[in-house]
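The structures come next, written out as structure tokens.
First chain A sits with chain B, and in the next complex the same chain sits with chain C.
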Partner chain A sequence: MNPTETTTPARAGAPATDATPRLGSMTQNDVAAIAARGGDTEFLAKRRTAAWRWYQDTPFPSRLDELWRRTDISKFKWEDVIPTCPAHPMVTSASALPASLQEAIGPAEERSALLVQIDAETVYAERADTFAAQGITFAPIAEAARLQPALVERYLGATVRPDENRFTGMNAALRSGGAFLHVPKGVRVERPIRIVVSRQTPNVAQFPHIVVALEEGAEATVIEEYVSSGEPGIGVCVGVTELTVGDAASLHFATFQRWGGNVYHFGTERVRVGRDSRFHWTVTELGGKLRKADFEMFLEGEGAEAKLSGCYFGSETQHFDFHTFQNHKVGHGVSDLLFKGALRSRARTIYQGLIKIHRDAQRSDAYQANRNLILSNKARADSIPSLEIEANDVRCTHGATVGQVDDEQIFYLMSRGLNRHDAEMLVIGGFFTPVLDRIPAESLRALVTAAVERKADG
Partner chain B sequence: MSDQQPQQPVLDIREGYKEKFGFHDDIAPVYKSRKGLDPEVVSTISEMKKEPAWMREFRLKSLEHFERKPMPTWGGRLSDIDFQDIYYYLKPVDEQGRTWEDVPADIKRTFDKLGIPEAEQKFLSGVGAQYDSETVYHKIKESLSAQGVIFLDTGSALEQHPDLFREHFGTVIPPSDNKFAALNSATWSGGSFIYVPKGVKVELPLQAYFRINAQNMGQFERTLIIVDEGAFVHYVEGCTAPIYATDSLHAAVVEIVVKKGGRCRYTTIQNWSNNVYNLVTKRAMAHEDATMEWVDANLGSKLTMKYPSVYMVGRGAHAEILSIAFAGKGQHQDAGAKVVHAAPDTTSNVMSKSISKDGGRAGYRGLVKVTKGSGGCKSTVKCDALILDEDSRSDTYPYMEIEEDMVSIGHEATVSKIGDEQLFYLMSRGIPEDEAAAMVVSGFIEPITKELPMEYAVEMNRLIQLQMEGSVG
Partner chain C sequence: MTPTLHIKDLHVAVEGKPILKGLSLSVNKGEIHAIMGPNGSGKSTLANALMGNPKYEITSGQVLFHGEDISEWAADERGRKGLFLAFQYPTAIPGVSVANFLRMALQARRKAAGDEKPLPPKEFRKLMKEKMALLRVDDSFAGRYINDGFSGGEKKRAEILQMAMLRPEIAVLDETDSGLDIDALRIVSEGVNALAGPDLGVLLITHYQRILNYIKPQFVHVLVDGRIVKSGGSELAHELEAHGYDGIREASAA
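Right, the complex of A and B next:
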């Protein structure tokens, strides 16, 4: 394993605090400065400028938008957001990363590559020796654009466009860090590739953009992780994740979010899956103060199979608003979604899911289930699983439940000598097991399971 | 399938009637106020009806709400409605003005071919004032009033029972509820008023047909039903015969109050001709241990947006909503249900069956809400949709908003086509394909049709057969 030979230009290292422009007073020149500092190629810099204009001209979604009816961001002070931050020095080995991240990145033998972003900068990159020979590209976006301009131009923005809404525009204009992964035709990546986005400077915003493209027949497992331990002030993350799974390719993608309780995270994550490809998404959402996320799967080739297994656990005053979209654009596709959540104390969760079967997508098979376990009478769960079906030769089923811990199960366990608390823990654990079992990488699975247990324990 | 490809010839139910029976209505109404809506028109309506001042105020306030409220941006396409191109009040036909003899012969022929009894034909063709209900239903009416049951058209109820009326009117659906409820509150005319006293159980279903000197089913009818403690009533509105309307907007409001331990069932069979926008607000307030049941079948209209709802405000209240939506060519049925659990130990059951065909769009839009402090609630929602061809569409939009932990809420939905195996089996028994398909569809909605009064269930199945004729190829 090699520490990266990064080509990122030397940083100015100016300790920007009060002098750093806030989002409200930013100009085109500040955007150009971010581009220069991040080492953008001409293509990337132009893209930023165009996105900045779009962002300036586009209002934030309001509560009149169906997907924003239940999350009010009108009082959020965007103008105070600080989009850049002082440079962090690159580290040359994983062991030099902050101690709090050691657990997150897991043991070296469980990964084939790793990118770590802290605040607005990539601070560490490593990749297996074999990557070069296999022709795999894995680097922060600016670096990838210098190494493989054609690939970056082909896949950047191909799945999530900057001009979709104000958030995607903001991400493209102010992009920081992020990752670009390209796996060539027929190449199989043995061990998981990990992308860690973390933060430590108060009030700084991050705009990570993660791009993954698998060519025909390629196989990979990729883990994106958002982690912090609750530095003072607030944290803002506006992310875009776009995945392309080529024909007959196979991608297992894991999203693990365990921000500290001060973070507002808005994310648009979408995958396009090609003919006869396999895609599996495991989503775990535990942290943050406000989390708004779209997880969208577009089935674009016949015979595609897309699966999403999600789990969320809200507590305190956490606000989670998830939207899933199973978009069957062509026929003979299978999508299968299971999204399970628990709520404690005053948590508020919204699950809004849509299965759409387009007119020509005959012989589609789609399933969508949302299960909620409410553990407190002050919590609130909304569930809106929807179907829009325009083809007739299809099988579509969905279900949603909201309920409490089953008294009979508790009674049974207590009759076997467990106390109520342990019995409840066991039942909650059992509720999540079917989802947690699907998480890739043993260390990650253990980490997630422990984190869920901690939350369950209150 | 592209638009260029030859389309299967389609027999639409209403087209079918037209072709087969030459059913249409060219009758010019005797009197109309001017088109459009403003405070003057609303005041005129109130004056013509000789209403008390408070109702006039209520109407004018409602008009303000109507003007302020935005059009819904969801559901169906509403942009074609021109509120200024509508007559908001038709003076009730003069007693001598319109008789059975005036009804065009072709309409009479249509009714004959459908096998509708003459008394009901008269009602349907708008000569209700001459409708000889006195003799037919005299006994029923007598026994009802002996029990203290009030069954009047809403306007007469305001006149004859002002206190009872005012106590409940507009309490379940305030004018500010939505744009169309506001419109109705400003312009309402006709509809039924029912009061069932404590402990009285009305054995026979009450039907709109029975109304004495009733106005015809109007554009902006307003129905108010009060079921007192421990009482029971079953009300049936609409009929399976297509109701031809020259007016393209129907915005009714139905308010129901079911008091402690009472039970009300409200059955609707909606079969407006397919030029009609049917935008109806129906809501019931169910008190302690009360039961409210909506059986709601939507077959007609161009666009229906209707979500019968039950607000359970007393402990142990129960709601039951059964919904059928059948959308054929050019139709959009945005049907559904709303249950609000606002008291502990309340239970609800929603079953929806939707069928779309020949490019029609049928859907379920529903809400299950449990408010804070309403522990022990249980709710089950089950939606099934059948899409009969590749041009048609089905939508399911269930909303669940749960603010309580001691609950059990479930929603399930499936969308599918007619099972090839079922068709194959029936056809192997010598049944032609379209009949077999009609049988499958009838079986699909059977859980709901079995809840209809028998004659309606029979007619419903006949309608389905008609809809399905020549539909499979």
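Right, the complex of A and C next:
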């Protein structure tokens, strides 16, 4: 391995030794060791222990569960997964990060803060000078719990509980790295805050927990990114992301997943959106071997507006299983979801989208569209929209399509001199344009567009 | 002299059904030919077969372009070489802007002509502006998605705009007049006339005589049941108008 590609040339990327416990043989002592090493406060350590117990008593979901009917993980060898890894020391400058990560992260002027996690450790943290004066907290969870215990206790687990399912329990018990962001009342963060989760050690599992809370009237753009270049062995990531958007606050949250092809990533991600607030989730899913993700938007304050703009591109034998939930708990809320995906070779995608409008959530307005473009006759996309509407004065529209590139479009473009490949690329690009155009932050839009184009190009 | 486009005894089948049954025709640069025929005579089949639409199978005969048999060529090779089809029903490509597409198409065409360098963006924009003015379309046209939500007239103008940008040697206009009101027909015809000249050969396919009031062909051919049954000068169009296709059919059968 090229030494410039590692943060710690002597050790990073070294295989975990036999002494490193596998998930199958872990004990409560090993969990306590993780807590000690990660510098958990007492609150965090207790939470871990409780979650560990709960996790051990809870089975994995089976294919009898509606949301797991089309994704079979029964053969997955969880017992061999390594939940910790050799230490990666912190670096003090982004230029000391692996070159491939620096490229992914992009120029410093396009962000206001950055946290980088490699394997199970945070290796780099950077914040704009203004953060302290603005009272913004942005740190790995354990550090945030030492700095701002009350805030962490208030928001950690407030949106996604550890005892929801085995994955959320596993994440809480084995948490590594992650990030805690708190933006106080009325504070506006100009440039995007970036959280990068990466990996390089074979067979290591990561359990990032990302917590974002915006107080009333606050504004921010936050990008969570999962990126790697496909180290040997398999990669596992079990993540939890919980977001709170306070009253009249505005959050653009981007999930940008471009793992190498060896990663199994299970994620539970949820936002609670407050009164008169604006939330926009831009989701890009390109990498990984198996990706299972819940993207849930709970509209909890009247006048809340929640938008999700997602794109995915599956190729080879990638398996994507997405679930979205537009949960209108109170009235006068608007949710607008557009989720578009393309599939090549033998890729398989499942999209299940639920809109629920609670009994008292009158005057809700919900829109949901899932569109799939199939580029190979061996690829398969399932789209399963559903509605649960208990209120009577609502507007609700949903639609799902699975289609192929139209021969007439290709002929038209080719007749003008474009070769078949370029013609297909244009049609695919055009398919994604409406969703990419919805990405509000220009630098992110350029980044995502380029990544989608590279993926489309094979 | 080798004709620019030479169609020799062309037989074309669609889904196994023979449509063109031995059609021969030569078109040179600098000439305007009109092919007139009733519905179902095979006009669109000819246009599609010339452009290389894979749904239209050439079962025998040849299409020669500068003496080279192009009947096995893919559509893009034909396009880059200087053949152009203005579609009767141009298809929409959502999400792809007219300008972006034309930039790529123009570059492909220039590259095939031996010019590796793309047109500098400034010159490209200038060219677009000039051609959009010719077709009297608004500047916003460049940023719109190809044929997406275009009116019938806009689609036809967009076809001629593309032709103006790509400067083909032979342009096949498939019922470019259909669905146009008089004003739009005039604009489109003026566009074609502005492009016509010694460097362009036009094959104008039409059901109606109307467009020939605006675009004056030197040669008129009557297509009936997959064959050209009569060829002549522009007077033939007037004859057709007076007697209809049945008159020609009877005359040619006699």
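In the analysis below, the second predicted complex is superposed on the first by the 437 of 458 C-alpha atoms of A that agree within 3 Å, B and C clash if a C-alpha of one lies under 4 Å from a C-alpha of the other, contacts with A are read in each partner's own complex, and residues count from 1 in each chain.
Please note the rule applied: contacts are C-beta pairs under 8 Å (C-beta built on N, C-alpha and C of every residue); 3 or more make two chains touch, one makes a residue touch a chain.
These numbers were taken from a predicted model, which means no experiment stands behind them.
Contacts of A:Gly331 after superposition on the shared chain: neither chain B nor chain C is touched.
Contact with chain C, but none with chain B, is seen for A:Tyr412 once the two complexes are overlaid on the shared chain.
With both complexes placed on chain A, chain A has more residues touched by B than by the other of chain B and chain C. After overlaying the two complexes on the shared chain, residue contacts for A:Ser376 are found with chain B alone; chain C is out of touch. Of the two partner chains placed around the shared chain by superposition, chain C is the only one that A:Arg420 touches, whereas chain B remains out of contact. Residue contacts after overlaying the shared chain place A:Gly430 against chain C, while chain B stays out of touching range. Comparing which residues of chain A touch chain B with which touch chain C, the overlap is empty. On the chain C side of its complex with chain A, the touching residues are 51-55, 74-76, 78-80, 84-85, 87, 90-91, 93-96, 100-102, 104-105, 108-109, 112, 145, 162, 166.
Put simply, chain B touches chain A in their complex at residues 73-74, 372-373, 375, 385, 387-390, 392-417.
Every residue of chain A that touches chain B in the complex is listed here, in rising order: 64, 66, 359, 362, 372, 374-404. Only residues 406-409, 411-420, 422-423, 426-427, 429-434 of chain A touch chain C when the two sit together in their complex.
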